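First chain A sits with chain B, and in the next complex the same chain sits with chain C.
Entry: the complex of A and B
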């Protein structure tokens, strides 16, 4: 929504005039000016259902004389407001010129108390065990707008407590307030309608259609939008109360879409990942597969110590050994789209200090036309912008293999790229010296002369450039394993060894001053000032490149996707 | 400053024998010997602990033997010296208490940190933690003084329940399953 292009209108909320975008949903319009209208079923990215009735407010418009069309004035000369005899739901109303609403009147308060009372009639007293406690709309609105006591003495409904809706979602039916957000999500966003209500009245039950289950890769979004604790995530269920968790903004590394995320941690341990709203990238959604990526932090094959020739070594020894290996003979660097822009920049500086050919592997796979693109790395475009590569790289390292076979390369420095998987046999690797910067053990780490363990995306800060050429930064969320440094710091030290200059680890703002000066697309960018929703870069220089990405939720490919032109290669 | 003149007159013969002081002392001793004893022979003898004494925090079971804590972690949140640490856990579906769904996998209270303020007891929505009459805590190492779940239940024992919230919940579910109310 481009606010600057939308006409602003004046509406009157509780006697105060506000300028809001014309036609904006009244709930959002009020939120924009700091007035809360409580709501359960309304969600800005879903259709309006209007079934919870929590957003009832009093509405009125300036009266006009039917005969003349002239505004009717009261005795004081001010326009007379024709208040509707009954309250109306704000979520099904739009901001229009002259609209008057009352959100604090006695009638509005009574409406809210009544709605809350009905919702709580059959709601169980599960708060001590409910995962939603602490971020539960029902809890919040019960304290803010509820009556504060219960008049209900009858028996509460009994409904199933642990229905498995799918592999990742469990339903507690007693807690459901029938807002239908999840039903609408499956139908409208996921376009995979599997959920519906059965039975009537207070017996209404959320369930999957016969023979179906909630197994789409977007199923956990229903857990996010559930305003109560009815839908819970199997992975996060009963793990930690949310009031202990701290959300930190991050970027999903699943593919080049660059989904904006929030990572929830307590005392250095990650408990869950949820989407962060960005209307230009992922709206308020993310994939289920992206939510499990935090498990790499505590993966069994995580590398935690520096190794030289298979033996544990200190950071200094490892860097020294890399320095020696770089002087043995011609060097090849293998960069990756998993590196941040900062890592790639430092690699460029390393390649300037110790020249060598830079190889890059294109990781392509299946996309889903939504929030998973065909490029499986978050930052291929960073490689283009920092000048590591000039065009679309190959999906293999055959050119490097040919050079190795010819004995033209003595040392390979790989940055998290499994070169065995990329087509170089272990026998060939043994002919040269492999230096490996990476977080996890993989097929090539056994053949590496020097292993430098790297930090995962959750343990360092930096930035990626997604498929839209949108520069997005991520923050450090948890501390890394003891003794490990970001790749940028390791590279700075290595460059220091080569040039003989004192080597201090550069901070992101320092690096960005250099990057902004050197790369025209990045000119004027300051790291601290990259907005949380990202910064769109000028992509015109790369408009003709055959990227593999196809149309996604907020992405239109500029050039023909590579599949269409593969015969040219 | 006022000056107080102390009487320094020389002792007479009777006083010079020191006998009046010695006899006076013996009289006090004899008087006390004949009165009832007020000293407690701690630790063999223990004082009577008044009701609502704030001793060591403990976990309690309800009269049916079910552990009352559902690991809501409110005590962990409210604990001023951060002495409490809970690892929540799910109750499996074949368990007798399956309808409660959640209980602590482990419940640790660091008695070296605990300040006996009683806020955990005050905040507990399930009436599962009580500061009872244990007041003497000792151990040979720091680890020993971090009390785990088993020890806390052993100290806590069973307390009378006013509500039987979860029993009633189970009853309602059984009634519903049998085709009763709803």
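Entry: the complex of A and C
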């Protein structure tokens, strides 16, 4: 994207010439060509502090004759390099033409050994009980760049071991290497400076400003960017060693921002969610609230068995009963932005097999102008693209209510939408037959004739289209409760019942072949080839729709946001 | 025999009947140079300072005219002038006399400098402990403002520049120019990384800023008075003007002397100026210009070819001429001129531990090598003095210092490392001797002087 437009320059790293973007930070430039420059305080999304000194390298430029400006050549005819007398920090240097750096020289090696030794002299070395162990930069760089032994025999500094910085973050000050990433995050990204250092020198101690606490909805990002085990998540602390955890890419369903995430699991259990870098969506950040969404997997109100008329039933019985109810009379489908593109596509196919009005509930709420938008569902735009809806839906089901009151609807099929909350009273529901696909029990489940428990976003794979019309896929992370199937499989079976064709659960690639053929915006998309950072779609057909989303990080609304209108609902 | 002084900035220091009010200053010809300067073109004034060859008197000795030349005049942002009066280098007390006894000389020097660089606003950042100094300066600024020498439309010109006194809070590191700027902005005194934050381009409030020492700014007045060419004739090639040598420590008469650069030797300063060692003592070591400079051992020889004269030299410490060039040839620096003298009653390991304690206490804690290294050196040398030293601690101490110097954000790294790097090789035998004696349970007192 931007990289191809940036001018490339040639720099020399350890005697090898590399082409890197002009002006790029040297830590990133070296990383881009596969040369690691160890660092602690540098973070690509924060200002440069230059305080850890781990990225010290030797730097030099080709010498030029002062009088003529001509390059000075050595005996072999190669340009002579004027090496700087002192090592310089790579994080505060930029790639420029002709720059030479040494990342493997004796001096560079010595600098790294020195810094590593210094960082560890007052470090408690309590790795056996430290949450960071296994993903700790101190451990990694001590192994890669340290001497491997310590010459320190003095007493270590003593600092507070468990300071509660806020509701979700606990600080172990002894482990802190004072890199100031968290301080800079709060100041620059969260724009809510609450962290700072007290004391001086090696006794410097991270703490909150008097009367403040680290309670922002972005506070856990400080835990992510802490290169050591100083900042820990209250939720994850002491729960699991990280080397047992497996990270799987996913998408946060908190809002239509579609924050890219990694979900960390062991043996079918989710332990934490962390942000996954996507410079076009969420950089390296995510909200604290989005991190707790995994709790729905083991929520108390999770539905785990098929039910027909309140009684446990088999999958076959449930599908059969739905089939019967669909033939009772006019059908209304209630779709939602929580459905994946695949779910929505299969619903479209169901509605083609058994026609009915498609209603869609718009979930709007307060955004924060950052990574929470005013649309509280991840996939409203999937509904538009798959053709379930033509425009922005209402935030309520008043039209469905009117039809129910008029007795025009006999069966309602809701996909995870609590229709009671959407404005349909239980009395009205009782006038018709409710079929409910959903993961959690809610206000309307008691009135459902057929309950088909659904899988959460963590238990199936699929894709969402976020506010930027970026198609992003998520993977199955943990197995769902025994016997449950993805909604797409249930719908395929139902369609099979209706059409009399043999029903096989379609795979995502199979569905995508159909979707790509039917929807112009998805033309050419193959499920397996959707990049991990998503695929930008052509949104021009929807440019005039009054979406509620307002300006956020990496998002500018195209049309006037309809925030003022939706707030009435 | 008294030492030959040449008092320029110290002309009225300790003068009988001289007071620090404006009337006394004007009576002695004060503010005449400012009037003259305000009729000149600012660029001509800057050229005079460049021609003078004046080197900054804050310690680093960077040529003042060059510093001014690097100023970003094209940014369109306001330019600030800051006077560094955070005199906190141990052993240094030269600025204090100027601030307390002759504040108007500083104000005049500052207003000339401010006019020369086109400063929109100027500040005096004064060390927190100089409580009276701040009061004196504020009173003096009020007097000068009343006479239209500071403030709006100075001396009827269309140039306006106010002068504000800002008191520090007692941190040594705020004497480092970027640490000072951060502190002046109201932040924690963390020095900034250079690049990119060179004060001449991105200084106070990210605007072009000049930070000069008190003595430097006072010298500017005299440069403009006598002309840059004339000033450059004082002293030696590469180090023009005078140096205020502030001697402290174990001499008969500690005190300050303003001496033309290179006009006398260290020995003359110590014997003629300060009356030599205390009775029955012998000089053992000197730290020539503030605590962080490299230590010289009495009795060591320095040989080489002098770049100014082209002649070979063979000096003892007492033969070194008092100018930056000669000091540099001996592996140290004249720096602030605050010389600390130690005699044979001094336990060099105790002295080292004392120095290390200071730098460990004053490290700001921002960057790793200085933060951890200075405290480690402190813990190590404290243990060594307490009778628990090991032989391997001596090379370890040196190695820690080597891991600090040149790898930090600011010069505090060098300040903490240099004393160790210079003292350990020179006094290693004494350290080892002490460690060995203490290990045997003996008290260490080689010269036999009563222990304090």
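We adopt the following convention: the second predicted complex is superposed on the first by the 562 of 569 C-alpha atoms of A that agree within 3 Å, B and C clash if a C-alpha of one lies under 4 Å from a C-alpha of the other, contacts with A are read in each partner's own complex, and residues count from 1 in each chain.
We take it that contacts are C-beta pairs under 8 Å (C-beta built on N, C-alpha and C of every residue); 3 or more make two chains touch, one makes a residue touch a chain.
As the structure is a prediction and not an experimental result, all values here were calculated from the model.
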Name the contact category of A:158: first (chain B only), second (chain C only), both, or neither. first
Is A:328 touching the first partner chain B, the second partner chain C, both, or neither of them? neither
Considering only the touch criterion stated at the top, classify A:239 as touching first (chain B), second (chain C), both, or neither. first
In this superposed model, does chain C or chain B come into contact with more residues of chain A? C
Contacts for A:133 in the overlay, against chain B (first) and chain C (second): which applies, first, second, both or neither? first
Mind working out whether A:33 is in touch with chain B, chain C, both or neither, as first, second, both or neither? neither
Can A:125 be said to touch chain B (first), chain C (second), both, or neither? first
With the two structures laid over each other on chain A, which partner does A:78 touch: chain B (first), chain C (second), both, or neither? neither
Please work out whether A:197 is in contact with chain B alone, chain C alone, both, or neither, and reply first, second, both or neither. second
So which positions on chain A get touched by both chain B and chain C? 155, 157, 203
Listed in rising order, the residues of chain A that touch chain C in the complex are 48-54, 56, 85-87, 89, 92-93, 110-111, 114-115, 117-119, 121-122, 151-152, 154-155, 157, 177-178, 196-197, 199-204
In the complex, the residues of chain B that touch chain A are 70-74, 76-77, 88-90, 93, 99-102, 125-126, 165, 169, 172-173, 175-176, 181-182
Chain A-facing residues of chain C, complex: 171, 188, 193, 195-196, 360-369, 371-376, 379-380, 383, 396, 399, 403-404, 406-409
The chain A residues in contact with chain B across the complex are 124-125, 127-129, 133, 155-158, 161-162, 203, 237-241, 243-244
